[in-house]
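Reviewing the structure listed below.
First chain written, first letter: the chains are A, B, C, D, E and F, and each begins at residue 1.
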Amino acid sequence: MQILVINPNISQSVTDLIEAEARRTASPDTTLKMATAQFGVAYIETRFEALVGGYATACAAAEHAGQFDGVVVAAFGDPGLAAMKELFDVPVVGMTEAALASACLLGQRFSIIAISNRIQAWYRECVAANGLSSRLASVRSLQEPLRDIGSVQEDHAARLEEMSLQAVQQDGADVIIVAGAPLAGLARSLKGRIPVPVVDGVSSAIRHCESLISLSPGHATQGSFARPPRKPNQGLPESLAKLLD
Amino acid sequence: MQILVINPNISQSVTDLIEAEARRTASPDTTLKMATAQFGVAYIETRFEALVGGYATACAAAEHAGQFDGVVVAAFGDPGLAAMKELFDVPVVGMTEAALASACLLGQRFSIIAISNRIQAWYRECVAANGLSSRLASVRSLQEPLRDIGSVQEDHAARLEEMSLQAVQQDGADVIIVAGAPLAGLARSLKGRIPVPVVDGVSSAIRHCESLISLSPGHATQGSFARPPRKPNQGLPESLAKLLD
Amino acid sequence: MQILVINPNISQSVTDLIEAEARRTASPDTTLKMATAQFGVAYIETRFEALVGGYATACAAAEHAGQFDGVVVAAFGDPGLAAMKELFDVPVVGMTEAALASACLLGQRFSIIAISNRIQAWYRECVAANGLSSRLASVRSLQEPLRDIGSVQEDHAARLEEMSLQAVQQDGADVIIVAGAPLAGLARSLKGRIPVPVVDGVSSAIRHCESLISLSPGHATQGSFARPPRKPNQGLPESLAKLLD
Amino acid sequence: MQILVINPNISQSVTDLIEAEARRTASPDTTLKMATAQFGVAYIETRFEALVGGYATACAAAEHAGQFDGVVVAAFGDPGLAAMKELFDVPVVGMTEAALASACLLGQRFSIIAISNRIQAWYRECVAANGLSSRLASVRSLQEPLRDIGSVQEDHAARLEEMSLQAVQQDGADVIIVAGAPLAGLARSLKGRIPVPVVDGVSSAIRHCESLISLSPGHATQGSFARPPRKPNQGLPESLAKLLD
Amino acid sequence: MQILVINPNISQSVTDLIEAEARRTASPDTTLKMATAQFGVAYIETRFEALVGGYATACAAAEHAGQFDGVVVAAFGDPGLAAMKELFDVPVVGMTEAALASACLLGQRFSIIAISNRIQAWYRECVAANGLSSRLASVRSLQEPLRDIGSVQEDHAARLEEMSLQAVQQDGADVIIVAGAPLAGLARSLKGRIPVPVVDGVSSAIRHCESLISLSPGHATQGSFARPPRKPNQGLPESLAKLLD
Amino acid sequence: MQILVINPNISQSVTDLIEAEARRTASPDTTLKMATAQFGVAYIETRFEALVGGYATACAAAEHAGQFDGVVVAAFGDPGLAAMKELFDVPVVGMTEAALASACLLGQRFSIIAISNRIQAWYRECVAANGLSSRLASVRSLQEPLRDIGSVQEDHAARLEEMSLQAVQQDGADVIIVAGAPLAGLARSLKGRIPVPVVDGVSSAIRHCESLISLSPGHATQGSFARPPRKPNQGLPESLAKLLD
């Protein structure tokens, strides 16, 4: 099966991190195609940045329409995700919803470890939109400015581990979600040092996308995730406009 | 005061409806500037269409940056609204949140009357994002395809009135919200025929935007609605990129 | 337009604070009529005090029935508010619901700054009755006994500012609501010193009441905010009994 | 033990119904003292009527202060109840909260059978204030005008039984609550004809009030149910003012 | 009336504590029959332990079927409670739901004082299953390992009192629930030292069970608490299998 | 990898249905071991039946302890699931939580199609315990008695399809969950006839269990899903007791 993995921000270094973790996870018979947003910002922390990233993701996916069996939107916060699910007849899985699915199967309450204070509000609203606020034990985040988005996990290793432990011991987390594509793979290095399961978004998204493709549940031709009704449009990239016909 | 009113979809006929109702409402010393999305769809019913409309709205607003004291996003469902609030130091008010504010001040539970069945899911999620699901009595909508988005309220007058009455008598609505820019002004013509207050989104948004400008509460330089942190970006319209510096 | 502004407690000094802020806010063509509860307590902190204040407010409003286009109930916690909305065919706006409406239009989560520890439970229950608990970041309050209800904001200026900052930085508030008629006007003096919008209840209530009068949405003749059904009554003040006929 | 039972409305015929059911329930060593509101309306259906009834209840209770070990507020909707709990150092139990407690001990979800359509909103808000909306299966009510508040259960026997059955079979109710003092005792006559437990408010309130007196859990001298802080007051009935000193 | 009181864990010393408090509470004409789980663990802190305890409770109750007018399940967390309510035609009351009922009648928000950190998650889930999370102020617990489950309240008296005070003063609790059968009776010794009502689970359960028996509301023959539908079964204790015929 | 699949009820015909669907789904390198409850009922519809089934499931799993890399609890409603997660250091996945995870990744709101009216309450409580009530569009069920639990899907094919369509068109479901092991595989035969994705519990559980094993997130040694604390126990099956040491 072919899975298109889209990085909704413009940082190639983050795409590389995502790709490394995705390849480590994917089944042997899965082919991964990476795409990076052609416009937007270096990393997404706010609602505005997510709006741009969401539209850039839809544009990137449209470029490859018809060439994949599933899509992974590889930014925590799932920019543009619900919109993407309307556009395509194949499974589209977001990093957050995938991590939440894994976490919910592993325990009752989870904490999210994040890369910046500013990002917290967006994450909380994303959990709420998933209807899972009652299972969110806490969000904890780095407070310092990031030197380099490609090396966050190396630069802040000790603090990230410390926050994970605090989430377990002070906030009652049954599961830790290490959030954000820049932290892709950190879950593996934390394992064994944190006394509860640690969930990674990228690998969860790859696995769950493969599962949905394999389960083959059919797609929506009615209801709120059917293709948008045909109507006049203008000014859209050609590949996107074509999807709406 | 100067208020920029943006129609997030590409239909000039809808912009005209919005403008007519907005001018009827605005205070004498308010100057309105209308803008229509430069790209997108004829009218917004789905999450994907709202994503495009949200980005188009941000682009349109950026074009006029520095020339207004407040912004109204004139599509029900508030595409791109939270993103816009981060971008600008002045009040940005959406049609839905404004209608919800009016409705909540007039009664405990409200119903939403909408133009299409497909649009319901998006509206429900918008009410939920506002935290007000417990006050939503029902959403009722037209089921028929729309002949012309500019004449919905004339074409379906009797049915829209009938649905409003059902919302009061069967769903327990204390207030009716007539939703969607294509229905701008319908509230006025329904008044007196519906036994509860009837709220219009456009006029509510204009009034509440004027109020926030006048109350002058200050703007966010910290917290989740401060300007997005400065970071590399690419491929954005020049006026938008300039806002991020 | 004529707006009746009722102070639900018996303190003339608080009525004066309310009046000063109300006059500063009201449109030039708005006439304000002030009324002070004829019975009750010096300031309202508890459910019992709110019950008395609510009934006193209804009695005060009934005295002026037919002489106003809208009513403002000027105590945070909105004593008697829902009851008042049933009684009158014109908009009745409470300080809390008005402040909540302003805050919700300015950000996602708000904190409430209050004058006493005891008052917190009542405020929380009021926010819950408005269905907005999910948007409440925190309530913070003065802990010390109040020397003089008319000079709270001068006596505790530094502490009130400090609590506002803590709400932003520790509780994640996007907006600060300065609660309680004794703090009327404090929002203005805090502005520029707090890094998020600061909302005042009295000025919000005046503005939103003007808006509702101006939007002219109609009033309820059915549903749960219609006039109470006619039935035997006894022992009510004459002006109140007259409203029920 | 002495229990003061207050009818918050002015109808002696309703007080008689309450008394009959209360005496049937009370333990042999319980002495009941009945009181009827000295002012207000014939029966309470709306928020305004509940406000008046709540204040009248507080006034009635104050008259007897020091002469009881517990109080029952005998109107469904619990007018003034939380206020009363602040005022007195003994248990104060409302008909609704008592019926809800019984119902929650008997099943997971309950339906409320009510005497009028208008009363539904007030009941729903009362259940919500108790935090129990998620356990409310439905509210069903008579639609016809009431001939005589003292004979509702005779006049509408068949319809009340029919609605109870519908609540079980269509709404998934595990328990039926027969609501409103005018229906006091109906639960007994319905028993055996309804295939789930049927709860009566008056008898539940008497039993639970006896239980709380007997359990003797202590009373609040701190927290939000302590006596209201001492402060200036005016215009209150003497007995009420005395309670605040 | 005959009440069967079941200790869902295997500790006779805990059964003795329960019995002492139960006898102190029960009405003179109530006969108590004590039963101790025949299999399971020394005290229940986790979901697995509750599963075993729930089944052991059902087995113990079945042994005495037909010999009681009501049942009390005397472990906080209410193991097997909803299952038991399906099995028997008489009231079955759990310690938690009984304590919650008492607490809700005494104030708006309650805190739970517990014997171990591990037990907190189970208690929270039990409160949530009762639909009462919005009224839970906090759960506070002992952190140290327990020397002897039969003497917890003596061994940790000072700490239990301190936690109760913190719940009132820091968490806003209106009522304290002293949770867990090993703490049966502690509420009495704390009374007067804690400035809010203190609720005990065992005595609440006994009283409320007596009340339900006395109110005689009927039992479910339809709905989700009717006897399970007849169907093949195997391997159940004979007395349990007999209940299903 | 080795997965133990447990049927919590005693029907071999249902175990066969589960096995067929599980084998169809499992990866080539997955070895499935089937187990059927040694005691309990023919199929689980009520809380009591789920209690028995949960304990039977724990007993069955304990028999095979150390011989699997993951466990699937193959009854909708997830009897004993949270308890099982405490007991074992490997992933334990329930049919309901797995179906919910799939459904949430495919759409916003789902409906559940069930085999009997009686089963609805248990399913609703299970969805609520997963924190997902806000995403539940409806539960619809067969009303007729079941002739044979092993042939439900053949016997009621047309009605099951009709209910699925109603859930989409009347209840707003984005996804259909076909619930209950007796319906295992029905999703496949419905596909293409229902205009939204259709989710099967057994295949979802197998896939998600494989994913969690493969993702290898670590297991809990602290928090509420760690092994229950060591303490005295008695009367447990030897294999179960051994797990607690």
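As a working rule, a contact is a pair of C-beta atoms (placed from the backbone, for glycine too) under 8 Å apart; a residue touches a chain by one contact, two chains touch by 3 or more.
Since the structure is predicted, the reported quantities are computational estimates derived from the model, not experimental observations.
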Query = Between subunit F and subunit E, is it the same set of residue numbers doing the touching on each side, over half shared, or a different set?
reply = same
Note = Per mean C-alpha coordinates, the chain lying farthest from subunit B is E
Request  = Averaging only over C-alpha atoms, locate the centres of subunit A and subunit B and give their separation in whole Å.
outcome  = 29
Remark   = When centres are defined as mean Cα positions, the distance from subunit C to subunit F in whole Å is 52
Query = Residue numbers in subunit E touching 2 or more other chains?
reply = 82, 85, 108-109, 120-121, 125, 128, 134, 172, 174, 223-224, 226
Chain-to-chain touches, reported pairwise for every pair that qualifies = A-B, A-C, A-E, A-F, B-C, B-D, B-F, C-D, C-E, D-E, D-F, E-F
Inquiry  = Applying the document's contact rule, which stretches of subunit B touch subunit D when the two form their complex?
reply    = 108-109, 134, 172, 174
Ask   = Which of the residues in subunit A end up touching subunit C in this complex?
value = 120-121, 125, 128, 133
Task = Mind listing the subunit B positions that touch subunit C in their complex?
result = 25, 82, 85, 91, 93, 97-98, 100-102, 104-109, 130-132, 134-135, 168-169, 172-175, 187, 191-192, 194-200, 203-204, 207-208, 211-212, 214-226
Note = subunit A contacts subunit B in the complex at 10-11, 38-43, 45-52, 54-56, 58, 80, 82-87, 116, 118, 120-122, 125, 128-129, 223-224, 226, 228-229, 231-236, 244
